[in-house]
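Okay, so chain A shows up in both of these, paired with chain B first and chain C after.
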Partner chain A sequence: MTAASAPAAPRSAVARRGAGSAVLGSGRLLRLELRHNAMLWLLPVAFALFFYNGYREIMALPPMWNLRAMTVQNRLLLDLLIPVTGAAAWMGSREGRRGITDLVAVTARPRWSRQLVIWAATTAWAELACLACVAVVYLITARQASWGGTLWWPAVVSVAGVPTLTAIGFAAGAWFPGRFVTPLVTVVMFFGVAYGTQAASGDHSYWQISPLTTGAVGIGAAPGVASFYPYLPDLSIAQVMFTVGLTVAVLGALGIPVARMRWLAAVITVTGLATAGTAVALAGTGRLDPHGMIVIPALHDAASDQPVRYTPACSRTPIPVCVNPAYAGFLPAVTAAVGPELTEFAGLPGAPARLSQVPLVYRQVSGNGVTVGGIGTGPAAFALPDQVPGWLGTTDAEFAAQLDEGLGLHLASHVILGDGPASAGAPSQAELAVIAGSVRFPPSVESRDLGPLYGQVLPQPGSPAALAARRFAALTPAARHAWLAGHLTALQAGRVSLEQLP
Partner chain B sequence: MNVEISDLTRRFGRHQAVAEVSLQAGPGVLGLLGPNGAGKTTLLRMMATVIPPTTGHLRLLGRDPGAYGPRREVRRRLGYLPQNLGYYPGFTVAEFVEYFALLKEMPAARVPAAVATAVERVDLSGKARAKLRTLSGGMLRRVGIAQAIVNEPELLLLDEPTAGLDPEQRVHFRTLLRELGQRATVVVSTHLVEDVGAACSQVALMDQGKIVFVGTPGELTARGTEHGTGDAPLERGYTAVLAAARA
Partner chain C sequence: MTAVAVRLVRLHAASRRLPAALALLAACAAGLRGMLYGHWDSYGALQLPLIFEAACAAIIAVTAGSPFGEPERATGRWLPYLRLGTAVTLTALASGALAAAGTGMPLAGGFADIVRNVAGLTGIGLLCATLLGAPLAWTGPLAYMVAGAYGLYTDWHPPVLSTPWLWPARPPHDAGGALCAAVVFAAGLAAIALRGARERPSGDGPG
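Let's look at the complex of A and B:
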């Protein structure tokens, strides 16, 4: 059949587009999608979730860059997961839900390209939410932190994780365009990601690849990590590789059904999967370094093993106490807790001219177990515990008690026992009494698990030496100092009995 | 010829929706008539490159839409209004039409003017900034027509375009169809024979997947002078041809 023989049709409004026009067209499409994106409406939800979950916890931490930045990585993605994945799934299923599939299927722009624009708009708003949360925490921390610079790697991992969430959510929505896919994929993703953080065990765990995992499993965000040594980006690099690879793979898979682009999409998908798989394998080669971070040999830069240079913050006490400037905020608490010991031992033979903080030493044991050491490299060195006020609910009183039992006891035992408890042989009861009295034998001592120290640097509770220690502790620091100045040599020589103690 | 179809068949499982249809169409308005389930929508969807034919040959605008590159070229020059128009409620009229102009890969610089023209042609200029969720069914239909014509298509496929339009708008729409048909091939699938009589230069009648009549509206009318039933002459021709085909 031939329809009416009307005049020949002129060329239509469609003209071959140049690259500039294509870019401009994509830009306008993106603008439209940005304006009508579900993620835009979920931004307040994202901010509220972060505020109630992550932000309040992060701001309760001491203002140390390492603590806050690593906790941001640990919390932010999980807080954003529900609105971000949900919005992406909703946008991915939009064409199917709205019954517009036929209409858009006959347009010239390939489906893959159209989907990528929608995904990009969703991701742009999600990234805005992520960056805003990071910016707030970092700006406040920059104003509060006593020392140190911005730790970017934890933020980079979070930022790189957002497109992965949107890609997975979007693909689920596009492949299964129903209204129930949004809650379903959101719940599955939430529990999947949360499980990923719980499944890791030890420094060789492949599960460390989870972008929520900060630092070593079993340590996480701790004050002693990345204070004295640079933040090692090894694990972060692997995590970014993983998230980028996964994103590329999922987005590539979206294009596989598109004719002509099938091979390109398949190559992109395989490349993404290979990148993600390589990252997982790399994470499995990790090992805990003594500074509490994960070293991945293939990604490790030996230059990162050099300690950070800093000018310590020192107290004006009889024996100056010098700490890493990142810990400067805790210096008053330190000097208050061990102030009497500093007065008592200043100027005595064997007493250090000053006390300098040294880094903690972390060592991986079986499973997720990590031992933390560092105290006892000499009378002039001490390590502050990770349990600083504000970290995991640690109170000022608990911090002071730890210092009494750690730094105070460390200083007293070194001064009283000479070269240290390990090399001095069995100490006399009088020496134990003086040590315990010098640290004022705090009530917490008997209630805590200090059993291994009894007979080594502390007297047995209830023993005559313990009674003498209480008598000695009742003296003022100046009085104890005066007595020790006159009797320390005799005490160390074993010529002072318990009865002779003041 | 803008549309060249030969022995086109489409099956859905065991059901044969379109059976060995052959058809050619140049510039002008072709009305596709037929009862429910005749295969009009399936034929239109194949012509719109939504679904491929099971067998047969199809050439659109001188190209084979079975190949990716030519199909994309055809789609740049195609306008399509499906029977059930889906839409995004949050988009405004202008945004929705712009969205499809961009998806049809129109030169970006020409999009704003093309959108304004398309919206004006369906008499929705006053509602250009209105959200689609606030529009009536008839207005939404006109939005659907606007998105179909925004790229000034060389091949325009309209499935039940006048459903939901009020009489005034239908008259207006027929005028628009005649205008468009002067330089493009317009295929209109409809139940409403008066639309065909008023706007179409050619008419094809489908029944049970096959084309049972092709001719001018006048020729269809002539078939019903003795045997047809119905209120209008064209309706009588329609029923007469269907009855003959089924006999």
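Let's look at the complex of A and C:
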């Protein structure tokens, strides 16, 4: 040991002891703040609001991971906003409200450090509420979903949004302590978050950065999104960047009035603002991909464009209907809706050996408008509509009507009109009558819905062909099948008149 | 009214920060007016007034707190009347200010909706002031606002929430909703007039 190094060891030990006691002190302070935090008392309000608003809506949705996880992101933060922001503003205003600012200013800890501990305690309770809500929804969905894995990104965005709420609320309370500040900042935040999504228009909108926005603004949480292709995290990453950046900026700004730390706080604030600004700019470069999700080129991983591999769920019907396993719960409804058509056309020339579900294709049009269509035009391909039972109040009858109008008519027209010479020109009246007699349209399908199809694949209402169709429809599916097995070729060749129809 | 009575009312108003409350109610009305110039979708247009109504109700509820505590209770014979008068006056002024802000603008629900919602939300706020204390009285109206906004949202996305206790989601002239709001308002007035806002011995609330 030299004379120079001798004092070094005690200094290092003192420094270690100092750092250790500082950490211990911060831990004790955090524990105290956790025990005396307003957010703890507002947890029941947070849970009640989520149960009444978000949870019931989410549980009413079909048990599909994409629907429920995306709806969690859309609802959870809004339900937690009032208690979380209010509690944070309340805690932030504590020193000013109680007139103890000068009293605590003489304590060993700088004000910024004390404030960060209070904010951390408030955020911890708020995150607990957020995670508990996510856990309940995800656990129930894991038990109910027929296929698919947990979608974490929507939950991550919600979790990342909570500190932003607490930071803004806390800062407002700290800067403007007063009895009216807490409710006012809470209302302003609610308005900003809830109405921020209203400004979004199209897939290039900067307002997509709102943590409530799940996927494309014009689509939202839809069954066709992230079913056949992986959930794209591009927008979620930008949203997390934005919320983290904003949180850091606000917390940094709290430290600017502290003389000793002004520069550090300013650098932190600027860094946070730069991160948030970058995230907003990235959101503005988004575009809607054909699978209904937002692609941000700078954040996009091309590997995410590969379709998800799955073993389809198939029905045991004369023509098997095979769907993505995520839709397995709707298979009975599908086969019930188009069961007679499947029986009637099975085994006929031109009828598919099986029907396979294909993904929907989304395309952005002006504003928030999005067109939705199916890919594949062959008789063996069909797309299930996004309006599945339970989604935004869609009923079983409405779902069946869509299937008859789409899948049933698609199948019947392909089999009856076939690829023969008659199909090249206008279909015969007998062909139209057979198609109309084969497809059952529920009462909810009105003639205005079918109007564009008259003369193309359906007869005009009240025409002789429509009367013949009614006669044909009165037969059982098996009887219609037997007649078509013997007469389909003649029908397609135009050698069957309306009078010859059974 | 005697000079003493006028002075009593003035002092009571000052102790409840009424000037600040009136300024904030006016700011809420101005804010609503400004927002009505914007273009909102159906949800937004319906939910917009509710947000400002809840803000007004929270402000009224927070004013219920007394800075004096027990001495005021012991000596203030007219205190229940003053509390009642303050709450009723502020509610009427808030309703009038919001209705005036919506004049000539596409205000969803109209005046009937404003009166019902402000009264009901204020009732919730006054009950919260009695139970939790005035500083935390905002929790009730603002939490109810979230539920009410969701009720309006379910008009498009069933299952519809049709209970009259969620009156913001009911049509403006619905008797059930108006009755429930009136009951809550009356209960809030009675509670605040007779008992006043809760005073916590340990301070102004948790935290």
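Going forward, the second predicted complex is superposed on the first by the 469 of 502 C-alpha atoms of A that agree within 3 Å, B and C clash if a C-alpha of one lies under 4 Å from a C-alpha of the other, contacts with A are read in each partner's own complex, and residues count from 1 in each chain.
By definition in this document, contacts are C-beta pairs under 8 Å (C-beta built on N, C-alpha and C of every residue); 3 or more make two chains touch, one makes a residue touch a chain.
Everything numeric here is computed off the predicted structure, so don't read it as measured data.
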Partner chain(s) touched by A:94 [first = chain B, second = chain C, both, neither]: both
Partner chain in contact with A:184 - chain B first, chain C second, else both or neither: second
Chain B versus chain C as contact partner of A:57, first or second or both or neither: second
Touching partner for A:108 - first (chain B), second (chain C), both, neither: first
Chain B versus chain C as contact partner of A:25, first or second or both or neither: first
Partner chain in contact with A:86 - chain B first, chain C second, else both or neither: second
First (chain B), second (chain C), both or neither touched by A:301: neither
Residues of chain A at both interfaces, chain B in one complex, chain C in the other: 36, 94, 98
Partner chain B, residues of chain A touching it in the complex: 1-10, 12-15, 17, 21-22, 24-25, 27-29, 32, 35-36, 94-95, 98-110, 114, 259-260
Sites on chain C touched by chain A in the complex: 17, 20-21, 24, 40-41, 44, 47, 51, 54-55, 58-59, 62, 65, 134-136, 138-139, 141-143, 145-147, 149-150, 156-159, 203-207
Chain B residues touching chain A - in the complex, by the definition given at the top: 1-2, 23-30, 45, 48-50, 68-69, 72-73, 75-78, 80, 82, 84-88, 90-91, 95, 98-100, 102-111, 114, 147, 151-154, 181-185, 201-202, 204, 211, 214-215
Residue numbers on chain A that touch chain C, as the complex places them: 36-38, 40-42, 45, 48-49, 52-53, 57, 60, 78-79, 81-83, 86-87, 90-91, 94, 97-98, 179-180, 182-184, 186-187, 190-191, 194-195, 198, 392-393
